[in-house]
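Each in structure tokens, the structures are laid out below.
Shared between the two complexes below is chain A, which pairs with chain B and chain C, respectively.
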Partner chain A sequence: MREDRILGIIPSDWRFELTKFSYVRAFLKSRWIPFVFILLNASFLTLILYSSFRGGFSAGNYNFGVSMTWVLWWSVLMILMVPFFSRLWCSICPFPLFGEWLQRGRLITVRESPFLGLNKPWPKGLRNMWLMNGVFLSVTFLAGLFTVRPFETFLILGLMFIAATISMLVWQRRTFCLYICPVSGFQGLYSNLAIIEIRRKDPEICKNHKTKTCFSGNRDGYGCPWMITPYDIRDNTNCGLCLECFKTCPFDNMAIYLRPPGVDLLNKDMGMDEAWKAFIMLGTFFTFYESFQSPHGFLKDWFRGEPLSGYFILILVHLFLSLILLPLLHLTASYLSKVISGDRDKNLRRIFANTSIMLVPVGSAAWAAFSLGIIMPNGSYVIQVISDPFGLGWNLLGTSDIPWRPCLSGLIHPLQSLIVTIGFIFSIDTGYRISQKTFSGDSAAKGFIPLAIYNSLITMIILILITI
Partner chain B sequence: MILFVLSIISFAREGTFENQERRIDVVARRFYYSPDTIVVNRGDRVILRLISEDVQHGLYIDGYDLNVTAYPGSDGRVSFVADRTGKFTFRCSVTCGMHHPYMVGYLKVLPNKYFYISLWTVLAILAALLLRISL
Partner chain C sequence: MIKEIIATFLVILLTAGIIIIGIMYEHPSNKAEVIDLIARAPENANWHPSRIMLKKGRMVRIRIRNIETVTHGFAIPSLGIASGDIRAGEVKVIEFTPDKEGEFDFL
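Our next item is the complex of A and B:
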């Protein structure tokens, strides 16, 4: 049998265990990790909340809260963290800190008695991404305000913190992160591209370990807060990299591996909620790119509600694009794929859901390109505001007087198109393999043709937006 | 092969334009420029006048590293030879309000090689794939 290789180059089963070094494992097993990073981020969040509250309704580019959140954090998240390091952000996110503290009654050590709070299970019908899709879309409606004004940044971050805290007192473990958080869904979906993963090492050890402490917890750590089964992780979607399973496994059978990019995409069974997440992300990219990085002034007016009718038109177009047009295009490609493949027994619904994973690499690349268009021209604002976080005339690091200067801005469009093209190559590679798994024998190649053409069209539209 | 030939033809178009002097008035108001897109040919001399209608605005051209500012009653002027091809964003360089970071326009210097490179790359990959499937 031919060896399965990503892009025909890297064997898909290639792994390098980062935790084989004893000092790395010891570091990750410490209860201080990732707590110290969460604490550090919580300190930053406090500064961000305070400065954005102080900033009020001023122009946000000189505000610490706005610049740190929407220029620095967002760009690092979309360019580096999600595509390469999975849910690394989730592992150090400060929003659940307070709620988890209240829930456990401990910050660092392990509470062996039952959790505080109501500890209710999340309703079965909502154990998917649909609610997160709705919350994410709702948040995008206000992006024209909170990404540029401090007080709106304060409101949205403050609301996130309150929602996380309250929901952790009501529902068990990290229900908020799994089913509610607006930035969790796309991180979960796109983290399947990442070059790292947490997996068990020897399946036999897990099979013979009856108590499954990685899920139930023990005196060394909590049962998986993300409510997955670490002894059997199949993809990165819901693994929050919290490292509790490293602490609770008595056999040191959990490991962090380096791996080829995108291998999870080949094995993942996409649900409809995840398929729509992929459409929503792509649709939101189109809306945001045209509104924020294109010269159409009327879109910027509409996004801030001037006039209100324009705002509603923009929202309707955004919803139509994300929830109807892109899914319809994908459905058409899936239907043609089924017809051309000649494999008529295959379920169209399954073809539709499975092949939607092709939109993950190109979608993630589009967002990385968009974020590059934020950080490269606006990064110097971040350097300025760190010296004067509260706008009090301070010059802590001697950088507050540095004038605004875009970084290598002549390369923005070429780099954006390069990133999208790389994403497209991964999409095509993934799509072909998914097609091979979906259809049998020769029909796989035929069935892939409409999907490849559809994906090329989507990519060309993105490239036209960026380069022409 | 066909795609390769087409891309060569695209690049061969470079230098076939007649260079001109282009005088362009750009009106800036919060948070857009008018015209919002300027199209010139490679080698054209561009004389750009920035007129502000409300508050102080700037116009910084990515890739050309040129900056000009204007406020109502005081126009800004900048002159340059468009010697780099492609699409370049020009953006406001003076904080003018809440959407200031997104106040942008496009300078397109033809021929737009990045557009052709990107598009032909995608088409070439698609063609190679379809070829591989059909063989």
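Our next item is the complex of A and C:
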């Protein structure tokens, strides 16, 4: 049988265990990890909330909170963390720190029973991405404001912190992260592209381990806060890389592996909520790119409510694109795929959901490109504001007065195009293999044609937007 | 338990501590008043903010950022303050202690 290879090059079952080095495993098993990183981030978050509350410069990027959040954090998240390192951000995210502290009554040690809170299970009907999709879309409506105004940044981050803390007092474990957080859904979906994964090593050990302490917890750690079953993780979507399973496994049977990019995409059964997440992310990219990085400056004004009628038009177009047009295009491609393949017994709904995963590599690449268009022109603001985090006129590192200077601006569009092209190649590779899994025999190649055309069309539009 | 105490101390130090430091440094007796001015072309609404209020005898630090593509200048004629040229993208800081107070015209 022919070996399955990503892009025809890397065997999809290739793995390199990073935790085979004893010092790496010892590091990850320490209860100080990832706490110390969460603590540092909590410190940064406090500084961001404080400086954005104070306002600082009225031109947003000169404010520590605005620059660190929307220039630095967002870019690092979308260019590096999500595409390569899965939910690395979730593992060090400071928002649940206080909620989890109240839940557990402990910061790093282990308490066997919950300390505070109602510990309620999340309603079954909401155990999906739909609510997160709605919350994410709602947040995007305000992006024209909070990405440039310090106080709005304070409000949105402050609300996130309050929502995380309150929901952790009502619902069990990391319900907020799993079902509510607006930045969790796309991280989950795009993390399937990542080059790292946490998986069990030997399935037999897990099979014979009746108490399943990775899920239930023990004296060394808490049961999986993300409420998945670490002994049989199949994809990265809901693994928050919190490392509790490393601590609770008495057999050291959990491992972090390096792997080829995108292998989860081939094994994942997409739900409709995840399919719509993919559409929403792509639709939001189009709206954001046109509004914030295209030559059409009036759209940026519209996004800030100037005029209000323009704002509503923009939001309606954004919703139409994300919730209706892109899904309709995908449905058409899926239907044609079913017809042309000749495999008429296949369920259209299943084809639609499963092949929507093709939008993950190109979508993630589009967002990385967009974020490159933020960090390269605006990165110098970050260098300025770190010298004066409180906006008090300090010049701690001597960088406070350096002029704004875009970085290698001539390379931005070529690099963006390159990233999107790489994403497209992965999308086509993924799509073909999904097609092979969906349709039988020769019909796979035929069934793939409409999907390839549809994906190429989406990519061409992205490239045209970037290059004009 | 000692680990938990250290962790709690660190959380309080690195969150509440930051807020306390900020508030302490914001206390008027601890710092010069800082005014951030954005220099823009007249068609882009000119200066922001458009008014400057100063207190007699209190040191002020005005940071002027020219976010336009042409050279600007800054002056408060009634106090004899002038910045010289501020080139496109540049930041200039002027510090002085006014000998009168109120709202001052600047250009």
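Here, the second predicted complex is superposed on the first by the 464 of 468 C-alpha atoms of A that agree within 3 Å, B and C clash if a C-alpha of one lies under 4 Å from a C-alpha of the other, contacts with A are read in each partner's own complex, and residues count from 1 in each chain.
To be clear about the criterion, a residue touches a chain if its C-beta (ideal position, glycine included) is under 8 Å from a C-beta of that chain, and two chains touch if they have at least 3 such contacts.
Predicted model only: the values in this text are computed from it and were never measured.
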Original post:
Since both structures carry chain A, what do chain B and chain C do when superposed there: clash or fit?
Top reply: clash
Original post:
In the superposed arrangement, which partner chain does A:378 touch: chain B (first), chain C (second), both, or neither?
Top reply: first
Original post:
So, A:404: does it touch chain B (first), chain C (second), both, or neither?
Top reply: both
Original post:
Which holds for A:62: it touches chain B only (first), chain C only (second), both, or neither?
Top reply: both
Original post:
If you stack the two complexes on chain A, which partner ends up touching A:30: first (chain B), second (chain C), both, or neither?
Top reply: neither
**OP:** Please name the chain, chain B or chain C, that touches the greater number of residues in chain A.
**Re:** B
**OP:** Based on the superposed arrangement, let me know which partner A:297 touches: chain B (first), chain C (second), both, or neither?
**Re:** first
**OP:** Would you sort A:218 into first (chain B), second (chain C), both or neither based on which partner it touches?
**Re:** neither
Original post:
Looking at the overlay, does A:50 come into contact with chain B only (first), chain C only (second), both, or neither?
Top reply: second
**OP:** Tell me which partner A:436 touches in the superposition: chain B (first), chain C (second), both or neither.
**Re:** neither
**OP:** From the options 3-11, 39-47, 57-65 or 75-83, pick the one stretch of chain C whose C-alpha atoms clash with chain B.
**Re:** 39-47
Subject >> Contacts on chain A seen with chain B and repeated with chain C across the two complexes >> reply: 57, 59, 62, 404
Original post:
Which residues, counting only chain C, touch chain A once they are in their complex?
Top reply: 1, 3-4, 7-8, 10-11, 14-15, 18-19, 21-22, 25-26, 31-32, 34, 36, 38, 48-49, 61, 63, 65, 67, 87, 89-93
**OP:** Spell out the residues on chain A that touch chain C in their complex, using ranges where they run on.
**Re:** 31-32, 35, 39-40, 42-43, 46-47, 50, 54, 56-59, 62, 97, 101, 106-109, 390-393, 400-405
**OP:** Sort out for me which residues of chain A touch chain B in the complex.
**Re:** 57, 59-62, 144, 148-149, 291-298, 300-301, 304, 377-378, 381, 404, 406, 409-414, 417, 420-421, 424-425, 428, 432, 445-446, 448-449, 452-453, 456, 459-460, 463-464, 466-468
Subject >> Contact footprint of chain A on chain B as seen in their complex >> reply: 31-34, 36-37, 60, 62-65, 84, 86-89, 91, 93, 95-106, 108, 112, 114-115, 117-119, 121-123, 125-126, 129-130, 133
